[in-house]
Structures are given as C-alpha cells and as structure tokens.
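Starting off with a structure, shown below.
The chains carry the letters A, B, C and D, assigned in the order they are written, with residues numbered from 1 in each.
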C-alpha cells in the first residue's frame, strides 16, 4: 500500500563528500515489500521546489520501524534536505516501485551485485536479504574517487567486496566492468544500479547473464499516472508499448526496456 | 452545500482531477474511492495510440513544473473498450479530454466517445497544433477554435467544454468565439509554454525542448484570465492552474469559476482531491456562505469593471 | 571576460537593474557604488509627472509578485533636470525606459531624453495601452509596435531597444516586425498579466485589480520566448525575468540573451547586482568559457530547431 | 546605514494567541537610530514566499547587540517564521524608515502613546526612550480580546497604562478613543500606531493635538525604490506629490499624508 506519512528524522549524518545517510521512523516502513523500492520525499513545505524527490530505500527494519536513505546533496532539493535536523518531520510518499525480485534467483545460482556511485544505496538492503538467505554474493562498487565512496565496510561484512574508483584513490583504478570481467565466472545473476553509461556497458558485456537493472528517470508523480518516466519496451513492433520506471520498475530484467 | 449543476454534469462537489494529471484513474483507485470525486477529466485521447515524446518529459521550475508528455495514450479504441468500462464501477461522471491534429480527428473521437455511458461531457484540448494550417494551435486563433467547436458540437451526444490555451494575446476573443460556436462551457487554463536549460550541458532539460508550465506559478495568470472571461461569457467555467488549498479553490470561484480541476498537485500530494473535498464545506461556512455557488464571480458581480492592462 | 558590446552600450559586465526595480538609482547609491553596474535601466519616464495607481500596488504570489505601480514618475522635465544629472556622477551608461499613451508621447520623450549625455540607449516600454486605438497595448500588435519603433527611430539620437510584452500569441512576429522597423535591440520580457484575490474580502489584493507578474515564476516563459526570438532576429536581446543567481544569468545567455537585467530580486536582495557581478566570472570559468559571450545562444547555435508547441 | 545581515535567533517565544516575540542578535542593531524603525525580514531561503516582511523593531539594546520583534503569525510567511528555532539565522534588511522623532517633543510637553493590536510593538521602545528622558507618558493599548493582548505589564512599568478590549475580556470594554477622550487633557502630544480605522478616528477626534502616526502599507523593496508604498500628501494641488511609507515614514505628522 502506498502511504503518505510525516516521518521523523531519527538520525542524519554525512558519510562522504556531499553524501548523507538519513534514518526515518514511521509505520510506512511496514509497507515495504522488496529491496530496490524507493520513496518520494518532499524536502519541505515550501512550493518553490514543487516536486518530490525519488530516493531509494537503502535498508530498513520493520520490527524497529526505521528505514535508511543515502543521498547525494547536489541540487537545490537534496541540499535543503541535508539541512534537516534530527526530530524534524518530512513528508514521505511510499514505498514505490517493484524493487528487486530476489525470488527469481534459483537456489543454485550465485549473485554479483554491482553498484555505481549514488546507485549503490538500494543494493545494500538487497545484499542484506541475500545474506539472510545465506546466498553467496560478490559486490563490485564503483565510485568517482575516495572522497565520495561510502559503505565499503558495510558491504564487506556481507560478502566479498571489490571497490573501483575512476581516479584510483581507493581500490582498483578503473571501472566496475574491469573488475566484473575478472570475477564474473563465479556468478550467475547480476543485480545492478548506477549511472546509465555503466548500465549500458554491463548490458553489452554480460548480455548472456541473467540481469536485473535498476533505472533512474525524471519523475512527476512517482505512482504511475503522469507518464513522465516511461521507457520503450525492447523489440516492440507497434512502437507504443512502454514501461513506467516508477511503477513497473525501477528494476527491469536485462534487455527488457530501452533506456538512456 | 457543495453540489454543482453544470451542462451535462451533476457534480457532488466542485473538485475534479485535471486531464493528464490522473491518467485514467487506475493508480488513484488504489489510494482512495474515486466515487468521492466531483468528476474525472481523463487523459487526452487521440484516434490512434501514441507513445508521446522522448524523456526527460518533466522539469521543475520555481513553484511550477514543465511537462512535455506528448499526449501519450492508448488511443480511442482501448479507451472505449478498457478504460471507460473500468471507470464505470465508480459513481462519478467522466469528462473526456479530446486531442487531435485535424478537425476530422476531433470529430471522429468526439462522435464515438460521447456515446459512452459514463462520459457526461467532452473537453476539447485545443492547445494542439493543427497540421493542416502549418502547426498553429487550434486554441490560438479564434476562428479555428470556433470552427472546431462547431464541428464537434454537431456530432457530440453530450455537452462540449472547450479548454482554452493561455498562450494568446486576447483570451476573451477566443472564449466569445467558442461560446458563439456553441460551446456549453469552458475549462481554463491549459499550460503556459515554457523552457528550462541545464547549466552544465546548455541543453533543454526536457527532450522536447519546450514544455507546458503548470503549478502555483501560473495561478495569478489563470485567475486573471477567468476573471476577464467570466464577465464576457454566460457559459460556465471550470477553473484550474496551481490549485493546492481550499483557499485556492475559493479564489477561483471568486474570479468566476463554477467548479475547479486539480492538476499538478496530484503529483505532489496524491490525496489532494479527497482532502480538499473534505475541508471545503467548513471553509465555505467559515467565510459566511451557505453554498459554494454563492462564491461564483463574487469579485466582479457587484461592479463590472474593465481591466487596466498596463501595470 | 565580462565586457559586452551592444548597440550604443559598452558594458563592463552584462548585469544591469531592470526598469522600475531601481527607481533612478538614488536609494541604491547609498548601498553600493553604481559604477559597478553594467548599465542602469531607469524607471519609465512619461511626458508629464504621474502619481500612478492607488495602493495596494503589490501582492505576493508563489515565487512571484504582482505590481501595478502605474508608471509613477516625476515626468520628462524633472528626469532631465534632476535625475539624469545626478546619475552622471557614476561611470555607467543609462538606458532610458520610455512610456506613453500615444505615438506622439513616445516620440516627444525620446527626442529629448536621447540627447542627454549619459543616456546611451532607449528602451521602449510598449506594454502600455494606446489610447488612440481603444487601449490595446502597443506591444500586443505587430504593426502598432513596428510603427512606434519606426517613429521613435526617426528622432532618437541613440540606439533604440524595444521591450517586448509576453502577453501575446506570437512573440516572434512582434520581434521580427520591430527589427524590420529599425530596432537596434530587444529587451524581454515585461511582466505577465495576473491577478490575486483576497479570500476574506473577495476583492483583488491590488487596487488596480490586475498587475504585472514578475519574479522566478515567470523565468521559464521568458527563457522560452528568448530562445524562440533569438533564433529569428539578428539584433541582440537583453534578457530578464526572475533572475536571482549566476546560474539564472547563464541560462539566459544559453537561451540567446547578450546581457541581462535584474528586476524583482533587487527588492528581495538589494545587493544582488554587485553580488552577481562579483561571482559571475568564476562561474563562467568553471563552466569552461573564456568569456561570457561564448555562452550566447549556446543551446541553439549548433542545431536550429523549431518548437513543438503542444506539450 | 541599511545593512543586510544573517541575524541569529537568541530567543523566540509565544506571548499571546498567535503573537510571538523574537529576539535577534547581530551588529545590525548598531545602526538603529530611532524607535519606530522597522526591519525587512526574509522568512526562509525558499523563493515561494518571495518578498520580505516588514516588522517593527519593538525594543533594542545596542550595548548587548539585540533587538526584539513582536509579530502576529497569521499569513504564510509569519507562520513559517514562528517555526524557527533558537540558533537559526534569519536574513534581515534594516534598519528601515525614519521612526518616531522624539526630539520634536518639547521639554514641557507630556505624551500619550496609543497602540492598537499589532501596532503596539514599536511603541514599546518609544516609551522606553521617553522613560530614559524622565518624560511623563500615558499609554492606551487596545486589543481585540484578552487572548491576543500582550505587554501590559511591560508598559505599566514605564507609566500609567490603560487597556481596552473590544469584547471587554480585559481592561475597559470599547475602543482606545473612548479612554483617550477621558484622559487626553493631561497630554500634549499623541504617538500612535495601529489599524487604519483607529488611526482615522484619532486623527479626527484629536485633530488639534500634535500627532505622530505610524502607518502600514504593502511593500515591495522597503527602501524607497519601488513606489509600492506611497501615499498622497495632504492638500497638494498638483496631485502628484507623495510620500513613501517605507523611507519617508512609516511615521508621519498628523495630517501630513492621506492614507487608508
């Protein structure tokens, strides 16, 4: 059930350059169904930043009633969000989208989780859930540089974790695909989220793997009604078939839709 | 104290979602009971299915948003066979928004869709370019708008509302022309044409380059246009543009609207329509009225005055 | 990297206060050195002194404001004898904004004011109603606008910029007509016509009923219009409407402006002009340009494209 | 000198129904010249409430570097302002306007200070300054009702204070003019601020007294440049003479300008 709730800020801390981790409390958490779902957040009650911002749920605990978001404070809205204090309330709509279908991974299959930059957050809960199932998971996390990298520790505790940075200031210098190529033989299924060029590179290089890909698109409503966030369905002859990133996604099967 | 009678429409209350901001109601039906609504203006329907424009299709602006969805819709056939029957389970009149590239398009859609049981009125979206006249929008030329209205009126089984474009020099002329041509009502306003450029790339944020500006930013323009038009026509107006609160609703009534539609705010707060419906009676009473229709045109009813166009 | 050469104007930098938002500079001269400015667009001058409209004259709207000052000004004589000489102590070109009710008004003012030493250009405020043609604003009719431009060009000793009204169906037509009539440049946009009603009284907040909408709310409309017009004319455009930040300035350049004016933001932050002038060079460099003029029309220079008017 | 400064909130408390007292700290205070001046405050950095709000300086202390404002949280802007916390900073432009010319009161003259509703605040500093000069002052304060009345105690400590309320829930039932009529014989000069009908009543009834009247008008700039806040000058034949409430006022001599 999609819920609109004023959630309370329980914790709010900077975890890397411009990167914040925000912990929210509220009963909305009970509605979360899968890792990879997101929420739509209104940064304050002023109308100048009119639209909500879509942010992935990075982890959650239904028992304790919290969820964590990790976001980059870059534009006006996320910058204002980063100024909120513990105890303040924020207007949250969610959970939205369908998330990662972890049940589609067969018992015998092993998993590689690949994240790039601010695409990393939703993958954390995904890995946590695989861990609970005792599924073996390898992580490949790509960042621009050491300053903006985060959660390496947290991922390492869940499984083998490779880190790459574009400038080499942390982990291997280079792209996630370099590391993936070397280690992919042990993995059957790829879950990924990150910048579009990275996703395209993965789709191309590992087109024979089972893949689940989480996409981003500018959104209006976030609930499937405004058609702001559509993408075309692959090999559709009518050219009018489409999927909505917000409600059909944000996670799609590899090759399912055309994006970017 | 909330019911309103308009041509073709017996509204329980004057609150309805605006076209394109509610799809065909499917998603909102999961959030609340659609029978609460005064009416529903469904997404523009074209003859054939359309995919619409490439993405990005929306961009935020100060107190507003730009959209260039591009009339994506499943086409007349699917709307008639799937969408309208699904909506028939709710006790709510449907206003069918019609779009096309030629007069024949509009006529064809109107004839068929107006026969559907729950379609109680049509809303002609005349902001679309007329391909036959080099892409000038139907709604920016009084004669083109009147001609289109007349042709649709000839075939429609239900009352016809014309949705005016604000991107014109003289909206009163266009309103009077479509009234003269037989329109049963007006809806106003559609979006203002706008644009936003990305500072890093220098390119428009929206793939279509320009988009329609909606939201609170445009409310003063809409209020002014409704104020001007409502004094010059005798058909009712459904007002829209930037409505977020009950006070916004009342401001539209004062300006001359007889009902209102909520567009963009459905994206910001998907529960806005039922929330407004719930709180409106209290506010109307607080302001000293027994019925919302007492607010209509209250600003100009006593003293009709012309507009000083030079501020 | 900030200097800009325009007809009549050698600008140290492309930042200037917009007409009506800076008076004749007197109050701001107490806050900072006016010689810092690229230029100053002074308050509209009419032949005779005018008191203007009754108060209230302003109302706030979402991300915008309405004003109906009503061209209050001390009249041509006082402007020439007192205001312009006072401004002569600063090293800054003056752009004289001209308003009137007849072509003769404009011609009379333009002839005299253009002779003043520090007046380097005129700006014709054509949003005013022409009393001879029943109050239709000069700026809403291409022919009226062109005729006015031509008559003023005949008498003016300095280049003439025409300030376009956004309240029109086709701004490109009007821009091309005034270019053809001899305009040396365009300034755009003037305010959008809007209105706000008070919920308690049902009356307009502004005594004049309607007012001109300015501020961030209108920026997307202005950017779209400058984008359209700049591709169709070869005279330069001074852009304005809702500018608050250096990124707003750059967005105007990308759209096709060659300089910008700051209006409403002078009220919100009276130090905005010097602040923008100080921070612009850094931002321009950061974005990879050696000179601000490299930004002009960057959005459309590569690919000229027509506008899809149906969003 | 008009200054723009981010001033820190030192105290913020509700003193009556919808009425707040806000204490701000900053060097801007040093620039204040007279009681009756005001500041122009931006309630937050969002642009939807675009304009600043004019609020009178109710009292100040240059030594300690603070000033107090008293405002009614009624519209959007003042409501948002009332949610600010101690320690937050707000963007203030000021001091603005000319204030009360206390030096125009002769040594032998006695003073009556008359305030109505939210017009009361600027009169408090005025009375404080007269007190410092050992000038005898009588106060007449009018409020709608007890719930919204404030500062009776504070004024009482400075001199004889009458309170009237429209509904009689505090002090005398009725209008300030009723009380004034009974007590005016002891006073030579009237200083007043309040709703327009009250000001008009005072001007009419006490037209033979020396009067200083503080006006309100919707403002754009607050510094005298936009001409939003003008009023006509009394008995001006040309009909084009005017005064600006923000920079020539907000205080005018009785009969000087036409308002309301």
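Note that a residue touches a chain if its C-beta (ideal position, glycine included) is under 8 Å from a C-beta of that chain, and two chains touch if they have at least 3 such contacts.
Owing to the predicted nature of the structure, the values given are computational and were not obtained by experimental measurement.
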Comparison of A-C and C-D by number of C-beta pairs in contact, larger one: C-D
Centre distance in Å when chain A and chain C are each reduced to the mean of their C-alpha atoms: 46
Whole-Å separation of chain centres (CA-atom averages), chain A against chain B: 36
For chain A paired with chain D, centre-to-centre distance based on mean C-alpha positions, whole Å: 54
Junction residues of chain D, two or more chains touched: 47-49
Touching two or more other chains - residues of chain B: 61-64, 67, 69, 215-216
Arrangement of touching chains [line / ring / star / complete / other]: complete
Chain A to chain C touching residues, read off their complex: 47-48
Chain B partner contacts - residues on chain C that touch it in the complex: 53, 61-64, 66-71, 127-129, 135, 137, 140, 167-170, 191-197, 199-200, 202-204, 208-213, 215-221, 223-224, 227, 242, 247, 250-251, 254-255, 287, 295, 298-299, 305, 307-311
Complex contacts: residues of chain D adjacent to chain A: 44-49, 80
Residues of chain D defined as touching chain C within the complex: 1-2, 4, 42, 47-52, 93, 217-232, 238-240, 242, 247
Contact footprint of chain A on chain C as seen in their complex: 62-63, 216
